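Accompanying notes for the structure given below.
Think of it as A, B, C and D in the order they're written, each chain with its own count starting at 1.
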């Protein structure tokens, strides 16, 4: 049932939440002796005001789309994948291996190969936690945390030893050969004299991410597998009754989730750095949790939340470039945004709902019982509320 | 027509509600309800699913807050802001869905919220003593140290009653207490209620079962769609009249069916054995046959292996022994799952529609495909064929009179009866050769029961085999053609439905063997 | 491997396990009451900062601890508001709290002390010193040879059990205390009940909200002690940004490992502490197995061992049934 | 106006960024001028910050940290009129000045001091993340130890494999205690903020420690044996002072030009005996003259004195 109009639900409430987050951020900025209005202007123009700004915003967003989708997909099966960081780290390894050790005549082929490799490596890294959850009941939250650390160690080993070109201090692989360089937004959108997205890292991977959103959306809501995943997530009893095997769902979902997280590596290795750098994931797996939860585990929501975080990252960089607001202030702002739009959502929603209810009460009489009152489907984006366990 | 059934005594009513209204969002659950319950009486409340009975009583118990209206206890206006206040006012309530902590012991559940001091030990000791006392007084024996998940629903209900009595309740509200009880357990409960009444306690009893109303209540109130439509003296009414007050139309209280014409055996079960996860043997060698065109009813007290039987046949549990469907053996080793069972033609209306039969957060149309979502009719390759399912759902909803007939509604938004209709529609319409039916009408109102029974009989008349498991003896007796009684994982005996009666079955259900009966 | 090494390992185990144990018990109270808390890390961090900051400014480590508790409680209150009052998503709230703590501690400490997210080094009054248990021998005053001649039990007592900060003993005492509170008091009964079935608690006439807020507050206090241990208990002597370094997540893992029970929590934390202590002694592998463990593998070892133990010996962990779900009476 | 870009650790990392910040601040205080600065938070910002400053006409643009080498190598040609300075890496471009430090040489010297100060013949090394740069420190240190006492034992540990390893003083303490347990009585910390825990624990346990990057002797007077100073501050200061005219090409800062060395001040004067001082100073002279060649781990990823 709709307590308030849909536009209020999807636009008004998040907007008010954002304003609240901004207001508190403003107070903190004031407290450290800076001008919040100025800060806001810098963030907005710096992250949205030009093709340059978008080139960074969308680059970060691309990372978060992948890790956000990874968490979101797993959420639908009530699995809490906090291993996105490790899966993306290992995904990067996959990209590096194909880029460095195989010859690529054209970037399209390299991109395809990178998609396959990063997804496969990411999936592989999720496979053991998935198997242990399905077969041994080992809690996926612990095992994925553990696998994050193991992934970091693995990469440290490889990038300080076997995969590091000798004679350099850099903890990174050698630069990838020419054939693997995928086009950036600049290459794609500049024409003639007008150069757009100059010097920015956004690249074709963004479209892979958009495609991934569409595919995940189709997977979840249009396919039999998605139907089974959601059924399992909502009710294990019903899934068993319907002949939907828990082992299959847990393993397949986690493999797909790991693959999505792994795909993120294309953006930062093949797309941006053109080499594999130690710790290149930079906690994007954890941002992915916030993105997925804020996006209500719906690919469109994930997309929007990822862009919001891209905005915060790029806007934050601009902020520290042009003011003396410390870079950690950006983390505070992120935290407030997550808090208000994610966790304190109802603080805004409840009064707004009441407002609409009052208006309606004055307008039309209360709907009769068993009329068109009950909960209807459109609010389906919400997955099981606490995807911490697959018990 | 709301006649006042005040008893002749001059004492003020134990409970008086005046003009109670309550809305959940846009749903008006209670509308200007007034009722008086006299002390020392058993007062029944009946009404269809969703009529607002539980809501009204929850308001009295301080669980919900009325939007408007007044509560008087023993004639005094009383504010009941929370359950603590209700308890203080001497009210105890046994909810329709028990409010027990599953992994706590009985004793812990009883002292919860009624502890004497900060330390548990003395409270538990006192509770243990008083429990022994209460158990003697009211024939309410329970093992105080068993955990709730270990004991059956009947026992759980006793715990709920003991909880109320331990808190010195003078007014006891029971919401659909017999929905989960066997006839024997129900009779026992009524004896207890009689005891309590004799001690001067006031009892409010919510139920769908008119037989129970007639048997033990003094007065009865009827609710419909959030309103109180009548309060009458039980002695002055009859079931037919009450049913019509409830539903607002004429209803048939008996199943109308022609004699069966059994055909070839469809399901042959031999020496079926099940050991569950806790290594307890649940089925100890069960054998029976169900033929085409007949309904085999399995009677028995809950927990004697019926659930496991259905789960094994439905592909949700592994077992040993032999099961043949139309002559072909089924794999019981766990390699075949529920989906494989559907493929060979077994439909299954599970005992628990909420946790098994439906995905409550799925829409009606999505639920119509549950278990059949892989079938060609419902899928295009890897994709779900939504238009096809939708069309199918609209059709089924109409034919099975699911209300409201809106395929986009979430399953949890339907009332229990309508939820059950969705499950029954899906399973019957999938065209099974064998339909497994567990507790088809548990918690379902009279109108819906009537309908569901008709559908099951119609399927039988198409020549399909039906295995019916129910703890309602009435249902077993009126619906089945043959009846098998289960006790302790074994079949105690088989009877022709028309040649047996509740008494004989009751003995079998208690484990008294056929020869002795 | 000689006894000396074993004793040292155990000594290190207890120290390393202390913040884990406190955070783990914090999570235990919160989650047993049905409130998931992945914000343990953030609360520890804020307390670590405030404890060190106030200990430095006031010169009193106890005042520092109080400040840490206040800060941690504030975050608890936010978490409570989000997950109890406003029925928000408890995981999001926890994530937000971790971010908030990580950013705010640096911003504030920079503006207070100007040392870039660090507090100044704490002098001796500003930190919790070693407590010498009655009858323990001060080993630091003896030569190694003299130490080796002492009876093993004496050394175990003096070396491993004695000589930790008061916070370590608080942590160790918190285990039986938690057990006692949870299983022997009215409050504990209600707390466990509210995590399993809040409706049962509600209909018994007890406020679900109050119980859950108290559980979250207890978690705040315990996290605060854990944080203070990291920044103000010897050998620590000050705050540095992000110094919790993922311990909150490890504590969470330990909690699940322990299946939400106090004594097993002690075991799990000690095990994790032991693994991490082992990580500091690669020489043991050389001596025992003649095996040079590459440092990356050594770093990964605690995590690999955890997975192995989890997969091999620990069965399914069933969380409190109402965990993570806000209590909603009226849909 | 010059600009400086700090690496991911931030300008208060108790390591080379902090030292660079000290140099820049000193320049600003002395000249009364200002400089632009940026602390990286993501890899993608390296290029962003370099380009941004270049386009704003900042020069010279100073980058701290070896990870910026590859991006700078690509970007520098785009801004031929801008001067760039990179610290800790070599970028072979006409408008880039590369400043690298012979940390192994400085570490060698403090290694000698450690060996001479040690009573037990066992000394320790606590590194932050296990990366080649830190091994370079460790390797030089071990060589110095061996040079002073061929029978000595060097224990080397690393804090971890994530950036958290730079900010985990508790872990630093545990590693120090573990090394003490193995008999170490001098411990050298090359671990950023983690080192704070190492030095503190050494002081608490009455053994000696060695600081790194900047002079950390003052942290625990009389208990820090010395510090391996790496004058990133001077390099930054001089680059800023030279301004647009900064000389390009590679500048190697070693013992010879006092780019690295050991710190001697009032705080540790009592710990360094005249004999010790004479021995290291002699070694320093020999290193400067090339008579002693300290092996550089990063040259061939191996170390003659210790196995990592």
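Note that in this section a contact is a pair of C-beta atoms (placed from the backbone, for glycine too) under 8 Å apart; a residue touches a chain by one contact, two chains touch by 3 or more.
For each chain, UniProt lists the protein as follows: A = Putative nucleoside ABC transporter, permease 1 component; B = Putative nucleoside ABC transporter, ATP-binding protein component; C = Putative nucleoside ABC transporter, permease 2 component.
No experiment lies behind these values; they were computed from the predicted model shown.
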| item | value |
| --- | --- |
| Interface with the most contact pairs, given as the two chains involved | A-C |
| Chain centre separation (chain C, chain D; CA means) in Å | 34 |
| CA centroid of chain B to CA centroid of chain D, Å | 75 |
| Length of the line joining the C-alpha centres of chain B and chain C, rounded to whole Å | 47 |
| Euclidean distance of C-alpha centroids - chain A vs chain D, Å | 37 |
| Chain C residues counted as touching two or more neighbouring chains | 110, 117, 241, 246, 294, 296, 299-300 |
| Residues of chain D engaged with two or more neighbouring chains | 10, 130, 161-162 |
| Interface hub residues of chain A, defined as touching at least two other chains | 149, 152-153, 156-157, 160, 326, 330 |
| Pairs of chains, among all present, that meet the touch criterion | A-B, A-C, A-D, B-C, C-D |
| Touch list for chain A against partner chain D, complex | 56, 59-60, 149, 152-153, 155-157, 160-161, 164, 166-172, 175, 199-201, 268, 272-273, 275, 277-280, 282, 313, 316-317, 320-321, 326-327, 330 |
| Residues of chain D that touch chain C when the two form their complex | 10-12, 14, 18, 130, 155, 157-158, 160-162, 164, 167-171, 173-178, 181-183, 193, 196-197, 200-201, 204-206, 219, 307-308 |
| Complex contacts: residues of chain B adjacent to chain C | 24, 61-64, 82-87, 93, 95, 99-104, 108-109, 111-115, 117-121, 123, 163 |
| Contact set on chain A toward chain C in their complex | 28, 31-32, 80, 128, 132, 136-139, 141-143, 145-147, 149-150, 152-154, 156-157, 160, 286, 289-290, 293-294, 326, 328-336, 338-339, 342-347, 350, 385-386, 388-389, 391 |
| Touching residues on chain C, where the partner in the complex is chain B | 183-190, 192-193, 196-197, 199-207, 321, 329-331 |
